[in-house]
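Structure, as C-alpha cells:
For reference, chains read A, B and C in written order, and residue numbers begin at 1 within each chain.
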Amino acid sequence: MSSKPAKPFSIKHLPGFTTIALGCFVLLYAPIITMVVYSFNSGQSVALFEGFSVSWYFEAAKNELVQEAALRSLIIAACASGIATVLATMAALGTTRTRNFPGRTFIYLMINQPLMVPEVVTAVALLIFFASIKVATGYSGLAYLILAHAAFCVPFAYLPIRARMEGMDMALEIAAADLYATPWKTFRRVTLPLVAPGIAAGAMLAFVISLDDVIITEFVKSAGQDTLPTYMLGQLRRAVTPEVNAISTALLAVTVILLTAFFLLSGRNSPAGK
Amino acid sequence: MRSKLFALSAAALLAAASPALAEGELNIYNWGNYTSPDLIKKFEAAYNVKVTITDYDSNTTALAKVEAGGHGFDIVVPTNSYVPVYIDKGLLLEARPDQMENFKNVSEQWKNVSWDKGRHYTVPWQWGTTGMAVNKSVYSGDVNTSAIFLDPPEELVGKVNVVPEMNDVMNLAIFYVGGEACTEDKTVLRKVRDLLVEAKPKWLSMDYGTTDKLSSGEYVATVNWNGSTFRARLNNPDVVYGYPKEGYPLWMDSVAILKDAKNVENAKLFMNFIMDPENAAMISAFARYANGIDGSEAYMPEDMKTAPEIVAPKESAAAGQFVPTCSPAARDLYTAIWTELQK
Amino acid sequence: MSDIPTTNAQTTNARQLSALEVRAERERIKRNWLLSMPAMILLLLGASGPLLIVLVYSFMTPGDYSGVIWTPTIKAWFQIFFAVDIFDDTIGLADAHLTIFGRSVRLSLITTFLTLIIGLPTAYFIATRPGRQRTLWLFLITIPFWTNLLIRTFAILEVIRNEGLLNNLLRWLGVIDEPIQILYTDTAVLIGMAYVYLPLMVLPLYASIDRLDFRLVEAGYDLYANRWQVLRRVILPIIKPGIIAGSILVFVPSLGAYVTPRVLGGGKHMMIGNFIELQFGQGRNWPLGSSLSMLLLVIVAVALIFYVRAANRGGSDEQ
C-alpha cells in the first residue's frame, strides 16, 4: 500500500514477474540464436567464431545423405499431413456442432490418443507391429512411416479444425438448406469455404509435427530410410559439426515460416469478424 | 478440396520417386564410421548400383534388428564371436565366397577360421584390438592397463568413457580379474560385476563416437578400438593407444550376406569387390584397421606400416587373444551383468 | 454438414412424428460415426492397435535376441520389480529398474517444478500485455514450442558442453578456471528437459490467466491485500486449472523422454524411455520392454485422470 501519489497503482503488476519473464525469453532464445549464429561460422570449431560464411549450408546441401533425408522427410510430411487433414476434417464434421451421441467420448479418446501416450511407447508398439507385417509381406517401403506419421498427426489436424467449426454459425448452412441445396452442395459451397482457414491451419500443424518427429521414425524405419531428424540424431551421437547447425537452422526457418502463416491465418479466426 | 489435391499430388510424387530408388540397390548394415566413402563411390561407379549404409553401434543391436526381420538390409558386418550365432539362427546366406574370383587374395591365416570353417559365409572386412585410448597431456602414466577404466588413476576419475560394446568391456574386465574368455565361473563373474559396478560412478559416460570426441578433446580417456584411436591420433597427436597387459581381445569383422537379402547379386559383387587388394587397402586407409587381404600393403598409407596401433609392440603382443563365441549360458550371464550396469 | 432441422415435418400425428424423429436421430448417429470411421481406423492401425500387441507381448517369453516365444508367462512383469540375483539366486528388488524409474520420476518432478516457477511469471507477463503486443509475445513463445525437439536439445548441448557458451561465459567472468563438466550428468538432462518443455508449461498457463477477471484482483487490492496476498489468495486459486494442465503437459512427456536423456546423458543417465529402448536392442528382452511400456502408460493414465478430476473440480470451484 503506497502513500506516494506519483506512480499509478497497476493492479496487474506483480514484482519480479516481468524480470523473470524476460529472463525466460532470453534463456529460451539464447541457445537457438547461438546455434543460428554459429551455422554461419566459417571455422570448424563451435567455440570460436572465426568469420561469416555460408559454406556449411553448401556442405550440407551437397551432402547426398542430407539431400535424401530431406526429400524423404518432405514426402512423408506431405503425405501424412494430407491424409491426416482429410480424415480429421471428416471426423470433425462428425463430432462437432451436434448433440451428444453414444460413443462420442470414445471417438474423442481414440483421436486424441497420440497426445496422451508417451511417444516411446507408441514407437515400441509400432516397431513390434510393423516388424511382423514386414516379415509376412516382404514389403518395407515408406508406407509404414507414412501410416505412423499420419496417425499421430490426426489429433494435431483435428484440434484447429474443430475449434474453427465450433465458432461457426449454423445459420448460413440452414439458409442454404432453405434454398434447396443438397447436403453435399451445402458442404462444398458453404461449410468448406468457411472452415478452410481451420483446415489449412490443421494441415500446417500436422506438416510441422511430421517433419519434426524423431522417436517413432527412428524405431520404425528400415534400411536407408533416414529422415532429416534421424540423420541428425545419428550425427549428434558421433560429433557435433557445424553441418548439423546449418541443417537445424534451415529446419528452424521452415518452422518459423509455417508458423507465421498459421498465426496470420488464425488471426482471421471468427467467420463473422470480431 | 485443397487437401485432397495435396494428398493426390504427394502420392504421385511418392510413386514417381520410388522406382528410381529401386533399381540396382545394395543396402549395407555396418558399424558407424567404418566404411570408406571412396570405396562405396568406386563400387557404385563400377557396377551402377546405388548403395545405402545404415549404422549400428553394437553387435547386439545389429543382431536384434536382423533377427526381428523386415529390416531391408542385404549385408551385415558382424564381429567374429557373433558369426556362429547368425549362422545357427539361419540368418546368413551361404554365399560361398571361397569360390569367388578374388578369394585367392585372402591371407592364409584368415582363409579358414574357427567361426566360419572354409569361409562359406563371410569375407574379412577388418580386424583389430580393443584397448585404452588416453590423452597423454592429461595423464602421462602407464596406459597399457585396463585399470584406466576399471580403477581409474586420480587424474582420470570422472573423465573416462567406456564404449557400450558389451563383449569388449566384459572381456577386458574378465581378463583383468584373471579369468578366462567365455568363463562361466561364478566367482570370477561376481568379481567382474562388483568391479564394474564400483567403477561406473568414476566414468564420464558410456557412449560411442569416440574417434571424433578423442580428436576434439572431449574424451581424454576411453575404452576404444585401435583403428579409431589411430584416426584420433592423426587429428590430435596427444592421443596414445594402450594394450592392456592383463589381456585384451582381438577381433575380426567380416562381411556377410543376409538370407532375406533382396539384392543378392549386388551383395555378392560387393563381397568379391572387397577381396581385391586395392579395395581392401581403401577400407583400411579410411578406418585405419588392418585388413585380411594379401598384397594390400602396397596400396596402404605409409604410416600404417609402423603405427603402434597396428603393429603391437613386442611386449604387448602376447596379451592379446581372439575371443571365441561364448555359450548361451555365458552370454546370458554377461547380459545380466551388463543390464545391472546400466542403471 | 450440421444438423439442419427439418422444418418440413408437417405431420400432426404424434406417433408418426416420433417415428420420423427416431429415424432421423439414428441417421444422425450413423452419419457421425461414418464420418469418424476413417480417422478411427487409421488410429487403430497406427496407434491403438499396436498398443494392444505390446500388452500381449508383455506376457510372453523373450526370444533369443529379438521377438518373443509364444509361451505365456508373467516373468516380464515380475522382472520390473524383482530380480533374481545372478549369483546367489536370491530374489531381491530389481535395483537397476527401480533406480531408473526413480530417476525418471525425480527428474520429471523437478522439471515440472522448474518450468512452473519460470513459466508462471512468463505466462502472466504475456497475458498482461496490451493487444497487438500480446500476439507478438505469443508468437515468440510458440516458436520454440514447435521447433524440432532434436534441434532444441542440440542447441542446449551446444550451450552446456565444456567448450560451450555457459562454460566460456563463466570462464570469461573469472568465476571458474577450468570448464565445469555439466554434460553427461543428471543436471544436464534436467537442464535439457526444462528447456525443451518450458513452452508446454507457459501455453496452458497463459490460456488460464487470459481468462482471469482482473476485477477480482482489483477487489483484492481494494480490501487492503498486499501483492503477495493477492497472488496467493486470488490469482493462484483461479488459475489452478492452468497450473495443473501445464504440469501434466510437462510431467507426462518428460517421464517418457527419450531423445534428451540420450543426447545429454552420455549413456550413463538412462531414463525410462531409454531403458525401454535398450530392451529392444542390447537388453534382448522384448517382453520386459513391453511390460515397462505398459507400466509407463498406466502411470501416465493415472496422471491424466488426476488432471481431469482436478480440472473439473477447479471449474466448479470458480465462484
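Assume a contact is a pair of C-beta atoms (placed from the backbone, for glycine too) under 8 Å apart; a residue touches a chain by one contact, two chains touch by 3 or more.
All figures in this text were calculated on a predicted structure; none of them were measured in a lab.
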Far-end chain from chain C, centres as C-alpha averages: B
More contacts between chains, A-B or A-C: A-C
Length of the line joining the C-alpha centres of chain A and chain B, rounded to whole Å: 38
Separation of mean Cα positions, chain C and chain A [Å, integer]: 16
Multi-chain contact sites of chain A, meaning residues that touch two or more partners: 83, 86, 127, 131, 237
Numbers and ranges of chain C residues touching at least 2 other chains: 67, 161, 280
Residues of chain B engaged with two or more neighbouring chains: 68, 207
For the chain A and chain B complex, residues of the former touching the latter: 71, 75, 78-79, 81-83, 85-86, 89, 127, 130-135, 140-142, 146, 188, 192, 196, 199-200, 203, 222-226, 234, 237-239
List of chain A residues in touch with chain C within their complex: 1, 9, 11-25, 27-32, 34-35, 38, 45-47, 83-84, 86-88, 90-91, 93-95, 97-99, 101-104, 107, 110-111, 113-114, 116-122, 124-129, 131, 147-148, 150-152, 154, 158, 170, 173-174, 177, 183, 186-187, 191, 208, 211-212, 214-215, 219, 229, 232-233, 236-237, 240, 244, 248, 251-252, 255-256, 259-260, 263, 267
Of all residues in chain C, those that touch chain A in their complex: 1-5, 28-29, 31-36, 38-40, 42-51, 53-54, 57, 67, 118-119, 121-122, 124-126, 128, 135, 139-144, 146-152, 154-159, 161, 163-165, 168, 195, 198-199, 202, 214, 217-218, 221, 224, 226-227, 231, 252-253, 255-256, 258-259, 262-263, 273, 276-277, 280, 286, 289-290, 293, 296-297, 300-301, 304
In the complex with chain B, residue positions of chain C that touch it: 63-67, 86-87, 95-97, 99-100, 161-162, 181, 184, 265-268, 270, 275, 278, 280-284
Chain B residues touching chain A - in the complex, by the definition given at the top: 1-4, 6-7, 10-11, 13-14, 17-18, 27, 29, 32-33, 52-55, 57, 68-73, 207-209, 211-213, 216
